[in-house]
Structures are given as structure tokens and as C-alpha cells.
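See the structures that follow.
In what follows, subunit A forms one complex with subunit B and a second complex with subunit C.
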Partner chain A sequence: MEVGHLSDRTKIFLLLLPAMFIIVVLFFGGLMIGLMRSFNYMPVIGLTEPDLSAYISVFTDREFYLSFLLTFHIAFTSTVISSILAIGAALLLRRSFVGRGIVNFLFQLNLTVPHLVGAIGMLYLFSQSGSFARLAHEFGMIARPSDFPALVFDPYAIGIILQYVWKEIPFIGVIVLANMQSIGEDYESVARSLGASKWQTFRYVLLPLIFPGVLSASVMVFAFTFGAYEIPAILGANFPAALPVLAYRKYTDVDLAARPEAMAMAIVIALLSAVMIYFYVRYSRRRIRG
Partner chain B sequence: MTHVSIKELTKVYPGATIPSLDRLSLEIPTGELTALLGPSGCGKTTTMKMIAGLLEPTSGDVTFDGRSVLRDKPEDRGVVMVFQNYLLFPYMSVADNVGFGLKMRKKDPAEIKRRVGEMLELVKLPDLGDRKPSALSGGQQQRVALARALIVQPNVLLLDEPLSNLDAHLRFEMRDLIRSLQQEMGITTIFVTHDQEEAVVLADRVALILDGQMKQYDRADVFYKRPIDEATARFFGGHNFIPGTSDGHVFDCALGKLSLPEGATTGAGKLTFRPENVRIGTAADGQNCLTSTIADVIYLGTQTRLKLRVGDTALDAVVNPNEIESYAVGDTLPIHLPRATLWVI
Partner chain C sequence: MSNAESIPMRSFRVLTGVVLITWLVLPLIPLAIWSFARGWFYPDLLPKTWTLRAWEYAMSDTAGVLDSLWLTIGISLAATVLSILVGVPAGRALGMYKFRGKEIVELMILAPTIVPGIAVVLGIHSVFISMGLNNTVWGVILVHLIPTLPYMVLVMSGIFANYDPAFEAQARSLGASPLKTFWYVTLPAIRPGIIVGGLFAFLVSWSQYILTLLIGGGRVETLPLLLFNFATAGRNDITGAIGMIYILPGIIILLLTAKHLSGRSGAVGGFGQI
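== the complex of A and B ==
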């Protein structure tokens, strides 16, 4: 091969190299090191005999299961609620009405607000010493601000879910709206003229058409909410804590022996979310398009 | 079996000042195949959508057998529209597409299966039920779209440019299929097209719409023989318009005094005649004979188009190529205009 006459395959390979480097070295590299540590394998400090002790202690700890259930509940509920509301919002926003531009802008505004800031806002508004509690007290609806229902630090993770829903509706909504706009309304017109009611048209035509967009957006939301640390750390109850919070606690434990456990937990989180996403994609595809 | 009446139908889109459709009235007898013909943007598709209930008219009425349907929801009108780009649901098999309307009516799955089979047979695609629409050719997709529409046994069938996306050889096949199915099932059918050839080939009657207004509503041949005005004649390929005055029998113009058929209008007007009605040679009765000079010869295979001059007046003629084999540009060519083919507008 002459220089300057690279084949297309070589060119593509070279162009992809920087991205590949980041993925392979940083991502898989980190994953490999995490994996090694989770097996108690760390030649640098003399640990040359890999074992499963970290995994055993993760899986024999009752807190892990409670944390898993809580984390699944947070991720699943947030994803479902924000997907449904986002589809509803997109259905409204694609119609033409006076002031649509402004509504659209407001709808997307909180995309720019960092999660952390949103969480602190939630804290100010919804905690038992927060604005809503005080307002409710002021208007005599509750005797003391602390009688306000526990929406943050609560066992059902309502505050966390609220925060995720608030943040993810515009994210999914923008994707779904773009999707709807590119599809247009003609398919729905066909369905109506073939005798489908409004609901049937949505269920059998629009929903399957936007489904790939909804699916990829909601998978991203699910994976993010399942693995995110900062929101449950700020808004979550102490026990049980969400899995990433639990893992981080182990990682920063004074007892260095807890570190492999933290790594094992991180690996488990990654595997679990991959497995759940797989089933979610399979199941929902069959339900919507079958 | 539905007689469709359109009365003063008007549509002004929000924010527009000029109506997209301006007081269109049309009677479409039961079981007829009618074309709405006009250039893009003349309001044809708007009309169809209003008949189908997919768009609300600004004013006017649409009645089926004398009953206004404007308050009926699209799914209750018994009108099915087949779109130009077919719009088969891409995630469904061909069979599911065809059976869609029956599924929405909650018919028994066994019955759906049977009727889908029959319908696919009818449109000559019996073995393609399991395919996805993306695996079909354009012509096949169109037939699936037609099957999907006909399976619900609509009272009125609307077709949006049914032939325009097809290759020349598929057009006649599709035309025959549409006509035979339509006649067999007796469905009142309206289709829109911008192509006069498509309209003439397929329709019992043609409604020509220009600038949101109906120009003429007649059997197809009338548009060629007796167009209502110059714009209509031009839309149908008319080229010859010669100003002058008519006294009802003779048209006095730059070509001389030409003898007119019975019933010609009187007063100032334009004489028009089809290019294909210009005859070479002198007439046996000596009427309407002219001497022309050949300005250009355009060979079109089965016919030849001639640009002729009579004095300062340019004429267009279409003749059989054999008739002018021995002539060249610049030659003098005797022609005549048969009296019955002249028309004053």
C-alpha cells in the first residue's frame, strides 16, 4: 500500500482511533482494574491470590438486597413516570398553539440545570424544614413544619424520584418530540380514515412509530438513575441507601478491606443494569410492536 | 353506494389571507370515479382531507346521500384515503397492514385472516403477507395500500395521486386494477392529481381546480374539445389561441375569416383548436384552408410536433411523422382546420 492512498477501512480505523483509545483505555481499563480489585487481586500490595470473598460478603449482606430493591424502585419508577409524562408533553407541544415557542422553551429550560442544583432545590422546597412545609404551616394546614409529609430522606425515595422525573421529562420529551415531528401526522391520518379511534391511533400507530426513540431515551434514563450517586446521596434516606451510595460508602470506609467489596458492588451494579436493560428492551419491544 | 355532494367548500388556513380552497361545489354521483385535477397547491389535497374529516372546513358543507357529515368523526364517515406515498405502517407485516382496519373494528382474528387473504388475492399479491413493507417495490406497496383501504368496504374511496409514483409500464396495470376494483365494488371514488393524463386515463369525470376555484367539471373529452377558458385549455395542452371576433358563424382574425361550428359564442374572443386537429393539405370542401410556413419540426417518435407560421401568427400542430417526411424547415405547408374542431373561448 502506498502512503497517501489509504484504503477506506484503514481511514475509518484511524479516524476512530481517538474515540477507541478513550473507550478502551479509560473505560475498559478502569473496569479491568475494578474487576481485579473486586477479586482481591492486587499484585502491587502483595495480593496475588484472587478470591471471591468480596462478592460473598456483598451477597450475604442483607443491606445489599434492600439497597438493590430501593435502587430498582427509584430507577424503574422514575423512568416509567418520566417517559409517560414526556410522551404526554410531546403530544401537547407538537400541536400548534399561541405561545408554543415560549412553552417549548420553558419545557426545556431545566435541561440546563445540573442535577446537583436541582437536588438542592428539592431540598429547599420539599424537606420538612423547607419552603412548602413552612407555607403549609403558615396557612394552618399542619401544626408544625415537621408534620409535613416526608418527601425527602424518606423510605420510598419520593424526593429522589421527583427530582429525576423533573429532570428527565424534558430530556425524553425533546427526543420524543423531535421524533414525532419527523414522523409527521400522515400515518395517524391514515389510521383514522381506516377507522381507528384517537386512542387506537395512538396505541397502534403513533406509539409504535415513536417507540425506538422512547426506548433509547428511557434506557439512558434507566441506566443513569440506576447508577447515579449524587441525588440519592443528597435526597435519600440513610438506610437503606441506593446501591451507588452504598458502594461509595464502602469505598471511603476507614477499613481498607472494604474496598474490594465496593468494587464488587460496582461491578454488580453494572451487570445488573445491563441485564435489566436487556430484558426491558426485549419485553417492551414485544408489547408495543408485536 | 354514496352520492357525495360538496357545497361551497372553503378553507382558509390560520394566518393565511387567500383561501386555499374557495367555494368549491361538486356533485359526485354514486359509484363514479372523479378526478380533482390541478397544479400543486391548488387545494386538491385540502379538499380530500375535508371530505375524509381530517381537516375542518372554514365554511361550506359535505354531504353523503344528502346528509351532512361534517360533524362525523373521520373513523365514522366510511371514507378511506390512500396517500400518495402509501404510508404503510413500517413495523407491521403486509398482512397486518391490510388487516388494520378490521382489527380496529375488533373483528374476529380468524375472519381478519380470511379477508386479508382474499384482499391480497384481489390485488394480486397473494404470497407477500408475511413481508415487511420495506421489502416491497413501489407498485406492490401501492397495491397493499389499496387493499388496506378496500378491506373496510368504504362508502367513499379517496386516492391521492394514485399513479404518479409509478413507472410508465406500471401505470396502466394499476389504472386497470383501480378501475376494475372500483367498478366491481361500486365505490364512489375521488382522486386528486396534477397530471391531466392521469385524470383522463382513470376518471369518469374531471374537476379542474385552478387557484382554489373550480374551473370546469365535465367528462374528460370535453376539456379537449370545449374548454371553458384559455387557462383550462392550456392545462390540457392547448397551444393555439388566436384573438378575434365571432358572429356565431365566422371568426374574423389574423388567419382570415374561419367558418365556425354550430353554437359558437359571439363577440370578441379567442379561437382555439387542438394541435392534433390541424390537418395537412387542403380540405375537400375548401373550408378553413391556410398556407403556412414550417418554422420548426420536433420529432417525438410516434408523432411530430410542428411550429408553423401563417403570416405573423404562430400555430402548433401535431401530425403523423409519415405525413411530413418530405418537408423541411422553411417549406410551405398547406393546412386546414376542420370546422367541427374549432372552439371560441
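== the complex of A and C ==
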């Protein structure tokens, strides 16, 4: 790895070259091509006049707005609920107790379980003939499957949100827990000895300390839940569908003219994640400095 | 503090803890039961007949589940090895040196870990057509590098930030060749990082769905694609069996690496993408 007598600058360049090549070509190249095609601009295949027609048809389509709002609702609600519950879970797990090892293992278990498996599990739990509907029937609460509330394929995306909350509590929780452990309990002890209540200690001492960590984890969760395909594809309603599902449908439409519209939607998703990257960098830097 | 805790408070803690853990394990239970069930209809709480049929089907040579398993292992291994080969040098540059434009390089490597795959894969798909990479295993391995490589670079840059290059200089001054220095000095020091980073890069590739679906065009049928198809076709028993097979590597990797899994290590960030 040590490259002879090269200067540091050359060394850094050579070390970074292969990775940057792959990222620039595949990731940024993919984004650029998507951007160009969304403007109907592709000189290689003879499209030399960029236009806004794809964006016009996307932004004048009611389905797009419904889909955007639904996706935003899914991402926002899932992120807020998982963050709050993850902080609660971290508070619960930070102390030592009997059986902590096994509890920690179970807590981390679903970190490695892909979202797709979680989504199928949710389907089997919450559909109208699923485990909870069967339990409700057992206790005489419903007579028929259709009496059970629609929690999957529903307009409020409850099943999707349940899946994300299931999956993201441990993700944010593990990060917050590590945050709490590196902060220690000294600050809280001082606040308590100065007469602060438990709630005040949490609200004014611990929460501000862990907040940057929570926020940078939440930003990753928001971006993921906004752009994920397979979870809304399994658990979501047909109309309106989540934005990634809609983009995929447009892209694979038999009518090739719909492809630029799919690209335009992909660009909307990319722009939203660019905003998320801005927040992530801002708060993860602050976390490092703090 | 904990000694002063009242009994109701303590019971509340235990109760919420039990609810939390139950909730986290719960979705896997019907999946596991389905894999041993035969005609488990509403409103039966448990299957009337238990059977190994779904497992026999999944393990048979004709069903294609095993082919799909080997294919998925192969793709994830290839993506992991490539990510290690390319990611370790880049991690060294970012972890050990300060240079102009470093923040921009870091931002460019961070971006693919946050921007969803669907946002870039449509563009890639339209270029891969002309390169003949669509519907090929190589095309799929290449797009898997988008989530796995940045992740490997971030983990390795964390490892190299705490790495002392003085040992390399000593080995060199004692006459070791660059290759020997790397093999006997550098590699042993960074090996734990490579192993943990590599295992999680493997899992990140293992869990990819939309990238494989689009670039593989349905021809490259990895385990998650098969799982999705059986789930949407309503074959719950076979879905259950494939689902159990599919989560196994993750659980094994968790068992192997539990002690490395503190949220402080860069390794945890990768779980955002699994």
C-alpha cells in the first residue's frame, strides 16, 4: 500500500482514484443521465432540444401530488414516531439489568433483517385475515375478516408506517444508546443533586446532549423511508401509490413516453434527499465538535 | 439512582421492555409458522396441520430457491470483495491525510448512503442498455457497489483515523518491501475493520431489491426478488421458508459481531440501508 517515494498529494490521488471513479461514474453518472432524460435531452439518441414537458405533465397530474403527500406523510410520521420510541428504548436499555445481553441481542436482531421480510411479516400480522384479525375473532370482537380495520393497503399507509417503526426503532436506538453511554450519567447526577426533577433532567440536560445524534440518524431514516420501493409495494394501496412505486410504474410502462416522467420523479426524490444530506452534514459535524 | 426506584416504576420498566422486545420479534413469528403450515386459514390461530412441505420445496433442485440462494451469495460476495479492494485505499486516504477538497470528497462518498437507489438507478438503467449490462449478473454487482462501497470507505476511514503509520516506516527502514510491509504490518492492524466492514457490506448488498429488480430485469433473480414474488402470489408457506433462509446470514453475522456493534463505530450506519 505504501507507494514508494511519491509525494503525499500523488499518494492521496492514487488511493482515492478507484473509489471516486466508481462513485462518480455510477452514482453521479446515474443522477446526471436521469436529470438529462427528465428534460428530454439525450444527444446520443438524437434528443438535442431540452424541454420541460415531463415536469409539466408530472406537476399537473393530481396523482403525483397525492403520491408526494402520501410519501411525505409516510416518511415524516415514521421518522417522528421511531425517533421518540427509540429514545424511550435507549433510556430503558442504558442501565444494567439481569439478562441484558440477551435483551440487547433481541433489540439488535431486526437491524439485520431486511425491510422486505419485515413488510411481509407485517402483512401476515395486520391484514384482514392476519394474526391480529384472528385474535380479534377469537375474542369475539369481529365476525368476519372485513370487520377488521384496514391496516394494510389502506389510504393512511398505517401498515407501511408500522413496518418502518418496527425496523427503525433499533437503528436509531443503537445510535442513541451509544451516544448516551459516551456522555455518561455525570451531567444528569449534577442536575439531580441541584434539585432538578427526573423530567427536567431529561428535558434540559440529556435531550440537548443526544439531540444532534438523534437528528442525524432521523435524517437517514427520513431519506430512506421517502425513497424505498419494496415496502410500499408490498403493504401500500394501489392509488395513490408511494412516489418510488409510481416512478417505477411509469418507468416500466409499455408507453416509453412515460419514462422522462419517471426520471422527473426520481429527480424530485434526489432533491429531497439532497436537503436531507444538508441537515445530516450540519448536525453530524456539530456532533463531532460537541 | 436505580436503588431508589419504586416498585411501580420498576414494573413499568419491565413491562415496557417486554412489550418492546415482543414487538421487535413479532413480525418474524407468523413467517416462521407459515413455513411449517399447511392451509392455515382464517380464523385458526395456529395451523391445523404442520408439514415440512414448504421446506422440502425450497430445498428441492427444481424449485430454483437454491439456485437463487447461490446466486445471491455470489453477487453479495463479489460486491463485498470489490468494495474492500477499492474501499480500503480510499479509507486510508480519508482517515490518514488532510488535504484540500477533502470535505467535498467526503460529501461525494456520503451522498450515495443517503440518496435512495431509485433516484439513480433509472438513469443507470438507460445507459446500461447500450453497454449490454442490463439483465446481467455483472451489471447487478456493479450497481450494488453504489450502496456497499461508500459504506466500506466510511468504515475504513474510521479505522485508519486511529492507525499509526510509524510501524510501516520502521518495517520499511528495516528493509521490508512495500508488499511485505502491507502484508505483515498494515493488514494485521486493519483486519478487524475489514472483517466487520466487509460483513456489513455483504448484508447491504444481500438486502438490495430495487437495484437488482431494474438492472437484473427480472432475469437475475436474487433471493429478495423470489421472496417478493412468492409473497405477492400468496404462497405464504413457501414465502415463510424463503424468508427464514433469507434472514439467516444476518443473524449469523450479528452473533459474530455483536461486540463490535456500538453505535459509535461507523458500522452501524450501514443498517440504514438493510
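Operating definition for what follows: the second predicted complex is superposed on the first by the 266 of 290 C-alpha atoms of A that agree within 3 Å, B and C clash if a C-alpha of one lies under 4 Å from a C-alpha of the other, contacts with A are read in each partner's own complex, and residues count from 1 in each chain.
In the analysis below, a contact is a pair of C-beta atoms (placed from the backbone, for glycine too) under 8 Å apart; a residue touches a chain by one contact, two chains touch by 3 or more.
Since the model is a prediction, treat every value here as computed from it, not as a measurement.
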Original post:
Put the two structures on top of each other at subunit A: do subunit B and subunit C fit, or clash?
Top reply: fit
**OP:** Could you tell me if A:L6 is touching subunit B, subunit C, both of them or neither one (first, second, both, neither)?
**Re:** neither
**OP:** Once the structures are superposed on A, label A:Q200 by its partner contacts, choosing first (subunit B), second (subunit C), both or neither.
**Re:** first
**OP:** Tell me which partner A:S182 touches in the superposition: subunit B (first), subunit C (second), both or neither.
**Re:** second
Original post:
Looking at the overlay, does A:L209 come into contact with subunit B only (first), subunit C only (second), both, or neither?
Top reply: first
Original post:
Which partner reaches more residues of subunit A, subunit B or subunit C?
Top reply: C
Original post:
Can A:R192 be said to touch subunit B (first), subunit C (second), both, or neither?
Top reply: both
**OP:** Go through the superposed model and pick first if A:L106 touches only subunit B, second if only subunit C, both, or neither.
**Re:** second
Original post:
In the superposed arrangement, does A:S129 touch subunit B (first), subunit C (second), both or neither?
Top reply: second
**OP:** Take the Cα centre of subunit A as the vertex and report the angle out to the centres of subunit B and subunit C, nearest 10 degrees.
**Re:** 80
Original post:
After the superposition, what is the least C-alpha distance between subunit B and subunit C in whole angstrom?
Top reply: 6
**OP:** Show which residues of subunit A both subunit B and subunit C reach, each in its own complex.
**Re:** 189, 192
Original post:
So in the complex, which bits of subunit C are touching subunit A?
Top reply: 1-2, 13, 16-17, 20-21, 23-31, 34, 41-45, 85-87, 89-90, 92-94, 97, 99, 105, 107-127, 130, 142-143, 145-146, 149-150, 153, 168, 172, 178, 181-182, 186, 203, 206-207, 209-210, 213-214, 224, 227-228, 231-232, 236, 239, 243, 246-247, 250-251, 253-255, 258, 261-264, 268-269, 271-274
Original post:
What part of subunit A is in contact with subunit B in the complex they form?
Top reply: 96, 186-187, 189-197, 200, 204-205, 208-209, 211, 289
Subject >> subunit C partner contacts - residues on subunit A that touch it in the complex >> reply: 1-4, 8-9, 11-12, 14-16, 18-20, 22-24, 26-35, 37, 44, 88-89, 92-93, 95, 103-118, 120-125, 129-131, 133-135, 137-138, 145, 163, 166, 169-171, 174-179, 181-182, 185, 189, 192, 213, 217, 219-221, 223-224, 226-230, 233-234, 244, 247-248, 251, 259, 262-263, 266-267, 269-270, 273-274, 276-277, 280-281
**OP:** In the complex, go through subunit B and note every residue touching subunit A.
**Re:** 14, 49, 52-54, 73-75, 79-81, 83, 85, 87, 89-91, 100-101, 103-105, 148-149, 152, 158
